[in-house]
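Please find the structures below.
Look at the two complexes coming up: subunit A is in both, with subunit B in one and subunit C in the other.
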Partner chain A sequence: MSKERIQISEALYDIMPSDYQDLVKSATYGKEDRGWKDIGTSKELIEQHSLCAGCPESMAFRYILASLPNPEDTVMVGSTGCTSLVFPMVAVHNIHSLFGNQNAIASGLKRALSVRFPDRVKDVVVLAGDGATVDIGLDMTLQAWFRQEKFTTICFDNELYANTGGQESGLMQKGFVAKMAPVGKLFDKVRLPEIARESGCHYVVNCTVSKPSLVEKVIRNAVHIAREIGPTYLQLYTPCILEIGKNSMEGLQEMRDSEKPSERFAYKEYVSEPAKQLLTELAAKDKERKAAAKQLAAQAQAN
Partner chain B sequence: MSDYRVLPGPEHFLPPAAASMGIRLPNPGEAHINGVITSEEAAYEEAARQFLMAKVPTIFPGPLVLWAWNEKAAKKATAIRHLFNTLKECVQPGQKPMLIPMPDYRPKYPKINPEVEINPNHPNLTIWHNKIDCCIFVGVHCHQANLSLKIIRGGTSCYTIAMCAQAGHEDAMLSIRDTSVEKIMRLADTIKRLKGTVQPRLASAN
Partner chain C sequence: MAEIKSVIGTQNKKGQTYTDTWKMMNEAPRTPSFFTGSEVIKEALRRASCDVMIAYPITPQSEAAALIGELFAEGYIGDYFRGESEFAVMSQCAGSAFGGARVFTTTAGPGTMRAMENFPMWAGARLPIQMIVTCRGINSPLSIQPDTLEIAYLLNTGMLVWHAETAQDFFDWILKGYMVSEEPDVHLPLALCCDGFFVTHTKDVVNLTPADMCLPPYDPYRSPVPCMDMECPPVRMMRDPFVMKSNYISYATHASWQQEIWAAVERSRKHSIHWLNGLIDTENTDADIVIVASGTAVSQGREAIRLLEDEGVRCGLVKVKTLRPWPEEEIREATKNAKHIFVPEFNVTGWLAKEIRASVPNHQRVHAGPHVCGGMTMPPEIIVSEIKTALGMKTFSLAGRGS
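The block that comes next holds the complex of A and B.
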């Protein structure tokens, strides 16, 4: 699939539901500098979702889908959990894998796409919860990184199994008591960002989704680095407001509180040397492109 | 040859796949009606008759024709529009032909709006809502068509026709294989030819 193929047959255009017509008319497929600022002025790649009111995961989804650099040629791989309730509403190709298998599926998919479309950029992005990434799917997650598979892994970390009522997960913080974990977590939160770095990820970020511009930056970096160099990993805090006893409007504040310098989601970033070099090159190209566009606009105004 | 017949339902909640009951797909140049292999010509006649008899004859174009992903798809879409226009011209007062798209296969539950679209994961909602008693699938990927056809047979009394670009569908009550622009036009011609010769079942419908 590429942008040119996202066209409705003219003879049947009028019967297509309006959300599909809008996707073709005003979604940001193919736009070079697409980002979170397009939200509100263009058709988003997420339709209504079935998450709880105020769920930070829905914010994360909107920012991520607005920031993917190449959505028309991206395949997302999901896993069981709250995220799997959203994927049916997403206008990006996606695969639902068996619980925990997401990185194995993505490995095969990325390789197959490279063989099938050798002259086209095809991005693969895994998006799964902490249960799928760190507990049930840890084997597949790590092995994909060891093999230097070229795709991005995003973990929506809500620090428990929210979808099934609040069981303890590896990313739950020590001492936390949940509905289905009444004794309290006895061990520390698994330090997956550090493990990712040691396992060969070239770009690792641990943060919340409170700032859309930050989410946009890390998503773009992660996808570009995965495309050219090797595996990347993003751990994004998307608290389950229901399971931690918050109200719908308190998700954003919860994230802000958790990203303070001494807190567990203080911004943490690791970039390998080759990745740093690539980001420098991309920034230079971007600057050049913007300068050229500015010059063109000035010329047009002068004429 | 199996004694099983693929008939309008409701068969039951989980009807058996027709293939598991011994129904086989037609060979090139053939079609099937109720699971019995027949000539293509007979299938066109029967499909046209079913359409002209129905209270709400409906065409469900799928993603393979709704999206202009190649030139052939766009041409098929034009042929489907022609088929619909022909149907509208040929039905009698009281009959309500419909053209409802199946834009993709995402299980958009519970967002589906049965007035404007059909979803392969719960096609019965659109059938029930619009009281559709005869429908044709065209441009739907085989796996999704089979899934939908089985659900429709299980939970509704709708007569299903599948115009398949591949080998046909056993789970439809009538199926024509290797569908092309010409075959869609041929069905439209047959409907035109039979106009006025078939009595709609308006009076007997509830």
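The block that comes next holds the complex of A and C.
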């Protein structure tokens, strides 16, 4: 989709919602080096949201939407849970259908878009919670990776079922006392990043969303690698402050505490050999582009 | 805006000519061919301009699903793969349809049940996916034999549900089905059912349309809901997500959405009548006795009528082609003279008889039977016996029926 597609007929301009007018005026569709720094100076691709005040998931959503390299040709797939409360307010086509089937939907979607637009880039990005990704949808998560489906899977890991009120999930820590884990969870947090690597993902990152620049980097890498090579997986800690007894202001600190070297969300990354090569090529191209832009600017100044 | 040109008369990459569907189905020459039902499904798909087919093995549809894989290898289908379960396959079909593809899949029995959560979602999302259901037993202990009980579960999903009697029905209805499903005022999935084995695994003479003609491609921009391909503006869909909102607006939205799905099923009626030449077929409905059936029970009913004629008992026949939309008016009209209405079925609960009882006046006229299930065949003689018993006529003893 080019930005022309979202232009408003002049005759109808004044009756369009202001958030749509803002999208046309100052969203960053098509901007090559778009990123988290656009937040505050351009229209974000997320309008209001109905998540709890201070929810780290809302931060993650904003950073991710600011960082997608190609939002004008990206379709997102969600699942049931807190994320499904946000997607209706996202200015990128997105699909919610059932709970746990997100990677199956994305498999069919990516293939249909490849059949219909063989000469164009159409990125598909899945974004779902840990219940959807690891519990009810695990077979479809893994099978999409086995089949080397070319899309990115992002798991918002809040270590429980937040939307239904804080029940035990597979990504919950062992021993945590929660609904449906009345004597504490009896088994370890499922090691999905390791499983992702063994299942054929070409890029796997486990981290928190405390640093927007890091989120931007891993999102860009994950989408580019999925587009060119094969499946990628990001597991992002977005703590449910409500269910772990924190206040609205404490989400960021909770993430910082959990990403210390000895903690479960210490930055972990796996990059396959073909993916490493692609990242090197992309970095070289980026450098070239920046140098060219610098030269142009210098020339313009000289003239 | 680019000029929109009709593709009719142009060729696809396999050299087939995109042909006006009405001409292709009704005017083009037909070639009689001796095929199994599974092979007929493949031949229909060859002409269907299908973008994506997703397969999963389950008897008795596995052969058809694999044969369509051969079509993909030959270049007739845009993409094809084996999913990991019917639940996943139906979600993959949904993903492809959300992305604007013409989608086809096949399933049967326990597969239909496993995938069930997807079907109201397909209808609710207005995805015109076509799913062949080659009915088989869903009971425990495990059965793979013909049994139509699963159709009962499909009737309230919001899907169109058609029940083919023969391989010829199958061939024609697969192609015509897309025409009905993809109408902008319908845009709903179609479950095209048949009785497993009886139709899929037997050979029959089927008149095929020319292999060098194919359906016009699906145009996703005629959909009543946006196609999820980022080719149209990604407007904010709603102020608040309706899920979990306990307020009147939320309830009203869900209520009107459901009503719209069923209104779309109703609107499919006129298109189905147009393409199928009516929702039912009738023979001799001025008789006192009328058999109303769907699927292969129609064929058995027809044989029973022939046997009864030999004994001087005149009997009419109603073949129900579409279960959704339900031909209530048509059945009421066709049975208005009948003193007795017999409904032979290949399932234990008699769901068709219940639908008919709810549709006709003087419903005590409806004899729900005979029923066979679990893979039992339905010899015409047991239909004859059922009818004669009800009429108080003398009937011969059938082994195992306690008569």
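By our rule, the second predicted complex is superposed on the first by the 299 of 303 C-alpha atoms of A that agree within 3 Å, B and C clash if a C-alpha of one lies under 4 Å from a C-alpha of the other, contacts with A are read in each partner's own complex, and residues count from 1 in each chain.
As a working rule, a residue touches a chain if its C-beta (ideal position, glycine included) is under 8 Å from a C-beta of that chain, and two chains touch if they have at least 3 such contacts.
All values reported here derive from a predicted model rather than from experimental measurement.
Participant: Scan A:15 for contacts with subunit B and subunit C and give back first, second, both or neither.
Facilitator: The answer is first: A:15 touches subunit B but not subunit C.
Participant: Tell me the contact category for A:97 with respect to subunit B and subunit C: first, second, both or neither.
Facilitator: A:97 contacts subunit C only, not subunit B.
Participant: Looking at the overlay, does A:115 come into contact with subunit B only (first), subunit C only (second), both, or neither?
Facilitator: second
Participant: Which partner does A:138 reach: the first (subunit B), the second (subunit C), both, or neither?
Facilitator: neither
Participant: A:88 contacts which: subunit B (first), subunit C (second), both, neither?
Facilitator: both
Participant: Name the chain, either subunit B or subunit C, that contacts more residues of subunit A.
Facilitator: More residues of subunit A are touched by C.
Participant: Is A:47 touching anything from subunit B or subunit C once the two structures are fitted on A? First, second, both or neither.
Facilitator: Both partners.
Participant: If I apply the document's touch criterion, which positions on subunit A are contacted by subunit B in one structure and by subunit C in the other?
Facilitator: Correct list for subunit A: 5-6, 17, 20, 47, 50, 88-90.
Participant: In their shared complex, at which residues does subunit A touch subunit C?
Facilitator: Within the complex, subunit A touches subunit C at residues 1, 5-6, 17, 19-20, 47, 50, 72-75, 77, 80, 84-95, 97-98, 101, 104-117, 122, 139-140, 143, 147, 163.
Participant: Could you list, by residue number, the parts of subunit C that touch subunit A in their complex?
Facilitator: The touching residues are 51-52, 54, 78-79, 81, 83-85, 87-89, 91-101, 103, 117-118, 121, 125, 226, 228-238, 240-241, 243-244.
Participant: Over in the complex, which subunit B residues touch subunit A? Could you list them?
Facilitator: Touch residues, subunit B against subunit A: 61, 65-69, 73-74, 76-78, 80-81, 99-101, 103, 106-111, 113, 116-117.
Participant: Spell out the residues on subunit A that touch subunit B in their complex, using ranges where they run on.
Facilitator: Subunit A reaches subunit B through residues 5-12, 15-17, 20, 47-48, 50, 88-90.
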